[in-house]
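Here's the structure, in structure tokens; my notes come after.
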Amino acid sequence: MTEIGIGIIGGGYMGKAHAAAMVAVGTVFETTLRPRLEMVAATSDDSAARYRDAYGFARSTGDWRVLVADPKVEAVIIASVQSTHLDIAKAAFALGKPVMCEKPMGLTEAEAQQMTDLAKAAGVANMVAYNYIRTPASQMARKMIAAGDLGRIHYIRAEHVEDFQNDPATFAAWRCEGDANGTLGDLAPHIINAARALMGPIASVNAVIETVYDERGPYTVTNDDQLQAMVRFEGGAMGHLFASRVATGRKMGYAYEITGDKGAIRFDQEDQNSLWYFDNADPKDRAGFRRILTGPEHPDYLPFCQGPGHGTGYQDQIIIEAKDFLKAIETGEAIYPTFREGLEVQRTVAAIRASNKTQSWQNVSDF
Amino acid sequence: MTEIGIGIIGGGYMGKAHAAAMVAVGTVFETTLRPRLEMVAATSDDSAARYRDAYGFARSTGDWRVLVADPKVEAVIIASVQSTHLDIAKAAFALGKPVMCEKPMGLTEAEAQQMTDLAKAAGVANMVAYNYIRTPASQMARKMIAAGDLGRIHYIRAEHVEDFQNDPATFAAWRCEGDANGTLGDLAPHIINAARALMGPIASVNAVIETVYDERGPYTVTNDDQLQAMVRFEGGAMGHLFASRVATGRKMGYAYEITGDKGAIRFDQEDQNSLWYFDNADPKDRAGFRRILTGPEHPDYLPFCQGPGHGTGYQDQIIIEAKDFLKAIETGEAIYPTFREGLEVQRTVAAIRASNKTQSWQNVSDF
Amino acid sequence: MTEIGIGIIGGGYMGKAHAAAMVAVGTVFETTLRPRLEMVAATSDDSAARYRDAYGFARSTGDWRVLVADPKVEAVIIASVQSTHLDIAKAAFALGKPVMCEKPMGLTEAEAQQMTDLAKAAGVANMVAYNYIRTPASQMARKMIAAGDLGRIHYIRAEHVEDFQNDPATFAAWRCEGDANGTLGDLAPHIINAARALMGPIASVNAVIETVYDERGPYTVTNDDQLQAMVRFEGGAMGHLFASRVATGRKMGYAYEITGDKGAIRFDQEDQNSLWYFDNADPKDRAGFRRILTGPEHPDYLPFCQGPGHGTGYQDQIIIEAKDFLKAIETGEAIYPTFREGLEVQRTVAAIRASNKTQSWQNVSDF
Amino acid sequence: MTEIGIGIIGGGYMGKAHAAAMVAVGTVFETTLRPRLEMVAATSDDSAARYRDAYGFARSTGDWRVLVADPKVEAVIIASVQSTHLDIAKAAFALGKPVMCEKPMGLTEAEAQQMTDLAKAAGVANMVAYNYIRTPASQMARKMIAAGDLGRIHYIRAEHVEDFQNDPATFAAWRCEGDANGTLGDLAPHIINAARALMGPIASVNAVIETVYDERGPYTVTNDDQLQAMVRFEGGAMGHLFASRVATGRKMGYAYEITGDKGAIRFDQEDQNSLWYFDNADPKDRAGFRRILTGPEHPDYLPFCQGPGHGTGYQDQIIIEAKDFLKAIETGEAIYPTFREGLEVQRTVAAIRASNKTQSWQNVSDF
């Protein structure tokens, strides 16, 4: 059991989640490395100090460079806006410090490429924080597909849909501008990561991106509300991706359905402790989609609870992520999803954007 | 209460369904016109005679021309293969007899066009048998959309998925060839009809059609297993259609989800007595998708049962269809979906086929 | 194919259902006996004539004795109030005519006993109309239990809950009085029949019956709103029954859950085309309740539709019942549920009533 | 922000859960008191040392008396077997230390009574660890009932069902003996607590308790596998409780349904982030049970995540509990559920046991 000093840049939504995960992970997973909340950075000294006191960090700073440079900060978590990702990663890698970066990684695929190159050159642990793929259910889905339970796969439908912008009369200025804050920049990466994790690389895309509400109150909206893409995987299967921030009634609709000749799987993050599975080998009169409740038999469940069906939640995904990051640091193994995956997602985002512009199929390999 | 002699061409799956509907409809809906199973036609005298005895027709014939020409046959139902639709309709309209035709109407959009023109010229009742849109739940969905319950609509996802061909080791020769027997020809028309009924005309499509299994046992497969299309409606909204005969685990997956700024709707034919509805006006802490069970308050339910939640089934949709056909005959009103709708579906099918060939967006109006 | 003249007494809710079933059954099930709607009886000549015209009977009468005595009426369906059941059955059996009687059979267990004795003496087809147990799903449940799929059964929970009386401000005078119109008299028999059909005879009961709303508008309520009973089956298993007419939100809540050491089953009539099944032999990490959609593999489904998942509805249960009644007439076989079952249900009702009075366990064999 | 030293007695299932909750609670809830894992006690020095290292305690001991007496242990959590509860609580209260005790509290209602008296005399924070009632969904259910959303309540059905003992061929010696390890002792208290929390005190019970499998491998089973109880609440409503450890297929079946004249609620811990609600005021043709996904609007959700539908899990309930215990310590307020509630649950358990013996209704007030 060795202590490790954690520095987190950003104290908002995800900064808090990472902080809470880092304090819990040692007890939950009984990790070898035990995180210590060493320092939090924010955009001002004051707000950083507030985060420090709220979450229990030892120190705080209004300048992320101070945090990265501090010798007691031994690992860095980037939970600040996308425009800062590249510079922070560069600074951390220069000092040989491991980095976990919030998704999507960097502002563009070019930045993601640089970050990936830097990570490779530094040779230290690097991870991009696609948390949803880490639920016991989604990990089990990956395992079943890898084990051939679905046989030859025909199709995947995957979506990430929420409704926080469904009402044009409610709005925030920052939501209305910047590709990174649009649906393709913000929500779609999660489901692109899911599609890749489940099905392998995406070869080509044919997409439509749109702004449903051009005006929201006094603001002109310059980023997108929803998008869809027909996709072709390198493995040959066809798929469809959809993302929306105007999907009324959907709160955390990270969902997928996959069919193969031997079986099928369905998952919806809104019921994250269930994985639905159809086994084509079941007798015809007794076959049906079964709701597998997650339990100790499923990946990364047991440390949270010995009882099946008791369930894990959002924060637990971040704890699993923290465990993996610590393990990557400890062992030197590259643990999925590394910056490489973050880059591949960004390249797919770029292909989707180009496809929408050209109204044609685009190869991801061109981006 | 007046009797009307019904002639049905085809005694298989749908022929039987129409026969059973015609005997029941008078009692269920207490219609003015009361059908009498006058004659059934099949591809041979023998099989026709078997259908006659099995279903209770007065007479039978191995030649559909005899049936159409018989003076006691006052209305004709076409439940034979698509290649016969045009000729039968032509003969019936020539004698001024009302026609209900199974979907999809005719082999091609050209045939569908001819049939529509002939129907118009004849000026008699004509209807295409899109039965699924007639469930009390789907009728209610249309009513709610028309009433503005969903507000401005953002997106529809609609699919018709089954799995009768999911296993490449099970096959039938006839299923492997002929566009009409592929998924685009056979299943997709239902969901195209649904999308149109709910959302209005489709302006343009961008599609992928594919044969997943090129070989099934000794047969080379020349028609399609699954297809998807991004669509744009004339009203402006975006959508996605999917159809598959290899969707393992799905049995009668005629399903749609529609979101608008005021609400959302979900439906799946596998639970045909439920309509899920999210009302965005509900208080935030008490909002959620509600499962509306069909009951006497919903269209065409009460004649089947006074009790809510008691439910209707597949055969009941055909009875509702029979009721509408009789009403069209009685009143002279054009009752949805007429041949015109059958034609529009076929044009959309043609546009999807062209889009797949050209890998580009196609306007439905060009077909 | 032989015609048989059907006489139905009562033209309301169930009278119409039986009429519609009798016109459809020949085509759907391709029965040997083909029913002809010969005569309907009601409480007045006028209302009977209205039913005749509405449903398509040949003749009508205001006096059920005329119907029973008519030589062209070859089988009698009793769909009139419970107080008339005994006299009608007596008259029909005296003439050697088969009888199907609506549930519950007779006003009391004493009347049910007389009816059962008369049926036995007459030696003709007799059946009590417990329709819900006839869905393909519930038939499949019975079949699975009989096949040992659940192993040793531990427990059943069964309920029949609706909400047509949940609001004390809505009421009808006739609903407020008469045991037969209370929940124990009206709804509970269905679920007692279900429990017996699935689990075998009930040995003893311990029950609470209660009137939740003593006043409804101007009326004093003298019958019951809800009841529960702990039960012990002759086979040894324990169970619980619940019935309510004030179960807000429940429309057709005829539902049961059964657990055994090898498996478990769940069913809810509100989703009547699904049977949920847990197979304890499934691998622990892939086990879960599966939703078996009814299809051609399940009892009495195929005649309605060749496609799985297309679903049957309320009226189809009555058609299945009609088919069984015709078969009982044709073959002389006793087809479940006969009057004997109707009697056993009534004895269980009597035991529940006595248990509530004495606040103690009662043996059904004492009633 | 003040540190507080936590001592936990027991390092198994619940001991770990409390440890993990105590390390996380400060960051998640930003509490004033910040727990420090000071000492863990187990049945031997060795096992205690293992727990210390695994969970991150500062110190450990094989003797709980050492832990209780240690001045740096400022609050005690009892997660050891029921037979130790009374002695530990006595020792802690004697030193004026706050105590949180695992459920059920003490071996018998007599012990629970003593513990409650001691807590009262000590005048310090005391809490019994009924965690399931603390989910955001169940807290919301309580809030809605208190707000009158259901109107006059007619009925509650509540159950706690699992299947860890469903197979008589799998067994552990300790599970087979001791009332505390039977279903009434182990699982039923949770659902009794739920019923009381939602509906108020239980006035009387009529129950059946049974051992389904008398033998499990080499062991004779002397405690119970399942039980049911009809109950009457002091408020007048009727209810039913069921608990089972042989409920095949159920993993965490802590579930309830409550109906009133204005609405109804349904909950199942296996889908702990959903609360189903039927609002009788909805228009008849648009009414249905809605699935309310928990979100920031619901009690104790926001600290875990700003996004609705992202969900909380099992461990989060323990964190909520930890927050409440710290608040009780800090403010001196009695926070539900105190030892008083633990006692009331135990009295209800005693009444159920007596009812089973006498086969009659028993008043809880007599125990």
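For reference, chains read A, B, C and D in written order, and residue numbers begin at 1 within each chain.
Simple rule for what comes next: contacts are C-beta pairs under 8 Å (C-beta built on N, C-alpha and C of every residue); 3 or more make two chains touch, one makes a residue touch a chain.
Since the model is a prediction, treat every value here as computed from it, not as a measurement.
**Student:** Taking CA centroids for every chain, report which one is farthest away from chain B.
**Tutor:** D
**Student:** Go through B-C and B-D and name the pair with more C-beta contacts between its chains.
**Tutor:** Top pair by contacting C-beta pairs is B-C.
**Student:** At what distance in angstrom does the C-alpha mean of chain C lie from that of chain B?
**Tutor:** Chain centroid spacing, chain B to chain C, equals 34 Å.
**Student:** Centre to centre, by mean C-alpha position, how many angstrom separate chain C and chain D?
**Tutor:** 42
**Student:** Quick check: how many Å separate the C-alpha centres of chain B and chain D?
**Tutor:** 54
**Student:** Could you tell me which residues belong to chain D and also touch two or more other chains?
**Tutor:** Chain D, residues with two or more chain partners: 250, 274, 278, 287-289, 293, 295.
**Student:** Applying the document's contact rule, which stretches of chain C touch chain B when the two form their complex?
**Tutor:** Those residues of chain C that touch chain B are 1, 13, 16-17, 19-20, 23-24, 26-28, 30, 34, 37, 53-56, 162, 250-253, 269-274, 293, 295, 304-316.
**Student:** In the complex formed with chain C, which residues of chain D make contact?
**Tutor:** Against chain C, chain D makes touches at 150, 154-155, 157, 163, 166-168, 206, 208, 210, 212, 225-226, 228, 230, 238, 240, 242, 244, 246-250, 259-264, 278, 280, 287-289, 359-361.
**Student:** Please output the residues of chain A touching chain C within their complex, sorted ascending.
**Tutor:** 140, 144, 149, 274, 276-279, 282, 284-293, 295, 297-298
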